[in-house]
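Here come two complexes built around chain A, the first alongside chain B, the second alongside chain C.
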Partner chain A sequence: MSSFKAYFKKEITEGIRNYKFLILAIGIILFAILDPIMLKLLPEILKGQTQGVDISQFMNINHRFSITKYMNDIYNIANIVIALTLMGVITDEIKDKNIVIPLTKGLNLEGLVIAKTLVYSLIITSFTFVGFIINYYYSQILFPENLVSISSVMKSCLLYSIYLLFVISLIYLLSSIFKRGIVAALLSILIIFTMPLIINIKILSNYLPFYLIKQANNFNVIFDSTLTISILWTLTYIVIITVITIDRLKRIEIN
Partner chain B sequence: MIDVKNLKKSYKDQEVLKDINFKISKGEIYGFLGQNGAGKSTTMNILTGLIKYNSGDITIAGFDMKKEYKKIINIIGYLPENPKFYPYMTGREYLKFICEIKGLDKLETSKKIDKLLELVKLNKASKRKIGGYSRGMRQRLGIAVSLINDPKILFLDEPSSALDPEGRKDVVKIIESLKSLKITIFLSTHILSDVERICDRIGILNEGNIVLEDSLERLKNKYILPVYDIEFSNNCEDLNNNFNKYDWIEKIKTNNKKMSIYVKNRFKADRKLLNIISNIENTVLSYKIRKSKLEEIFLQVVNNNE
Partner chain C sequence: MLEGFTAFELLKLFAPLIIFELTLKVFCIVKIIKDGVRNLSIPIWLIIIVLLSTFGPVSFLLCGRRRKYD
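And then the complex of A and B:
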């Protein structure tokens, strides 16, 4: 418990002083503001530059379209930012041997991994909610047509957050296996982007964390039994992956 | 306090520790010598539980390494070869962080941190980021960290090796001050002059075995032929014959008014040499026993083994 507390505080200090939280905030929240503005400006830009191209699809951009654009960016860009920011959270401890002194003082590795998971889960979940809320109101101001209700967007946001928690645990697992953080980051990005392909396999689709994203993009999230089971599965994956990560770390000989 | 029996450790095919045996008693300062790559850090990491070993029995303060590691970790302190800290923390913050891991009481913590910062002379720098510390400062912070749980046994891996003479002096002073606290210290190094200053006993590690182990004084008597340096008032180059007949004298070197006598048996030399010299018709200006250097023992032992 004391290791958990010490590392919980330490991760927060590190996140602030090494600008990790700032980078995550930019990676997650920036597009919440930029996307609606871009969508607003795009037709104007295209009007001036292209003659005879059908730009009608950009002309009827509405609230729902704008929010969907942000969700896609969270999936495509925020995922990469998260992977690249978190790739060092575990590998640096080992590579830089920062963990050696704490280990000789009786550091408990469960405490360390759970602290790291919790800090970044809380941070990324809060940023995601802030991003969704900002994006919701910005989109509403710029595209007041076809309004989506805030509650349905919040439900989607919740699913996205749970999905991102899975991404965090995945990055931690891979960085406990590979010595170099960048390998772990690239591999986790690869897994993240191949999941939408695997989901086409019917039997698996409901059991993959990506199912949450698929549902979130529908704007009409109903927490029926299929979705609940899928959420439970994702949470189970997170727990299993974290247990394996701790076990991996215990086996590594650091000297 | 430390009892190691038949310790073996290999990395893949490389047998680093072949059969290590030693005992260290309470309050002793043990110097662990060996060339680069001899396995000093490996031994230290094993004794502090950081890495596993292939076989052998290790008992520290009566606790078995395999079964009672948790108890051992509470009574030892370790300064690794290259202590690494979180560079964005200040020295004080880092000490506090380690106290938190140990679960120490908050009030107790801040008093203890003040005391340790004082001991390693980092009070002024304690609010600066460790990233900006010099090598010597980091080494001293490492010593403070290793002392945080009031250890009975301290493991110091080359505490002074990477430092400039000034930094080395500081570190050696700190270690000397620990001696009075009755802490048992296991110290590895390849800087022999530091060992001569602080260690009670030394062990030399070579090719996976401890090839020599004894108190510093006895080692010097055993391994180094004492040399007597004598200065005469007149040229002494023709005096050799006065000494050649004694079998306890190994050889004689002369250079104008100076003479160096290498002896095989110090006991006899101490009793007889002055007598012989007093019978020579050449006034003696000075008479000195050259202090033997640990370095010479070290090279002699390591070379003999090769």
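And then the complex of A and C:
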């Protein structure tokens, strides 16, 4: 337990020192502010581009649309930022030979991986909730029509957070397999963006973590049996992936 | 543009973005001056940070920042 506490503290210190928390905050929270403002300005910008033709008549930009836009940005951009920020979390341990210390001292590697997962899960979940609240507030000021209730947005946020936990564990697994962090990041980005294609296969759709994103985008999240099963499957994937990551690290050969 | 808003309301709306962006740029520039860079030269990183909004500073923090043990 004491080694886990030490790993936990080390991970927080390292995150602050390498500005990983700052980059994650920028990647997740910035769009919460930027998206509603850009959507408000978009009709005016397009009007300038199309010589007086008011394109905004063809678009129905409201509170719901603004929050959906933020959700899409979280999926498209925040995922890339997370992958690029966390790609080195495990590969750097191996590359810099820091992993030798727990291995030679007989300390448990489970604690190392769990501490890393826990720290970044807590940080990313907190940033996601903060981002959604900021986005909700800004969207409400700029688009007072067609308001979505805060409880629906928070439910969607919860699903996004669970999905992002899966992304974190996936990045850790890949970075324990590949020696170069960038390869792990690119492969995890590839898997993340391939999932929307695989979800078209009906038999698999409910068992993939992307199903959570699909449900979250509907806003009308009802925790029925299908969604609960999907959440349980995603949590199972996270546990399995973390166990494989720990196993990989135990078998690693340090040159 | 933005008919329903007064100048003060607009300033309040944009203030977090402006403060956020400026702080990030200043922070990265100070970091370059104090610690140096990697992968690209200092003038190129300065141009990227100044000209590219948000993505410039983020890409510097990810790929250009010189770490203590570099």
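The working rule: the second predicted complex is superposed on the first by the 245 of 255 C-alpha atoms of A that agree within 3 Å, B and C clash if a C-alpha of one lies under 4 Å from a C-alpha of the other, contacts with A are read in each partner's own complex, and residues count from 1 in each chain.
Methods note: a contact is a pair of C-beta atoms (placed from the backbone, for glycine too) under 8 Å apart; a residue touches a chain by one contact, two chains touch by 3 or more.
The model shown is predicted, which means the values in this text are computed figures rather than measured ones.
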Touched partner set for A:97, first chain B, second chain C, both or neither: first
If touched residues of chain A are counted for chain B and for chain C, the larger one: B
Partner chain in contact with A:30 - chain B first, chain C second, else both or neither: second
Partner chain in contact with A:3 - chain B first, chain C second, else both or neither: first
Which superposed partner A:232 touches (first chain B, second chain C, both, neither): neither
Partner chain(s) touched by A:44 [first = chain B, second = chain C, both, neither]: second
Chain B versus chain C as contact partner of A:18, first or second or both or neither: both
Interface residues of chain A shared between complexes with chain B and chain C: 18, 96
Residues of chain A touching chain B in the complex: 1-3, 5-6, 9-10, 13-14, 17-18, 96-98, 100-107, 253-255
Chain B residues within the chain A interface of the complex: 41-42, 45, 48-52, 70, 73-74, 76-78, 80, 82-86, 88-89, 93, 97-98, 100-103, 142, 145-146, 148-149
Complex contacts: residues of chain A adjacent to chain C: 18-19, 22-23, 26-27, 30, 33-34, 37, 40-41, 44, 81, 84-85, 96, 138, 141-142
Interfacial residue positions of chain C with respect to chain A in the complex: 1-2, 13-14, 16-17, 20, 24, 54, 57-58, 61-62, 65, 67, 69
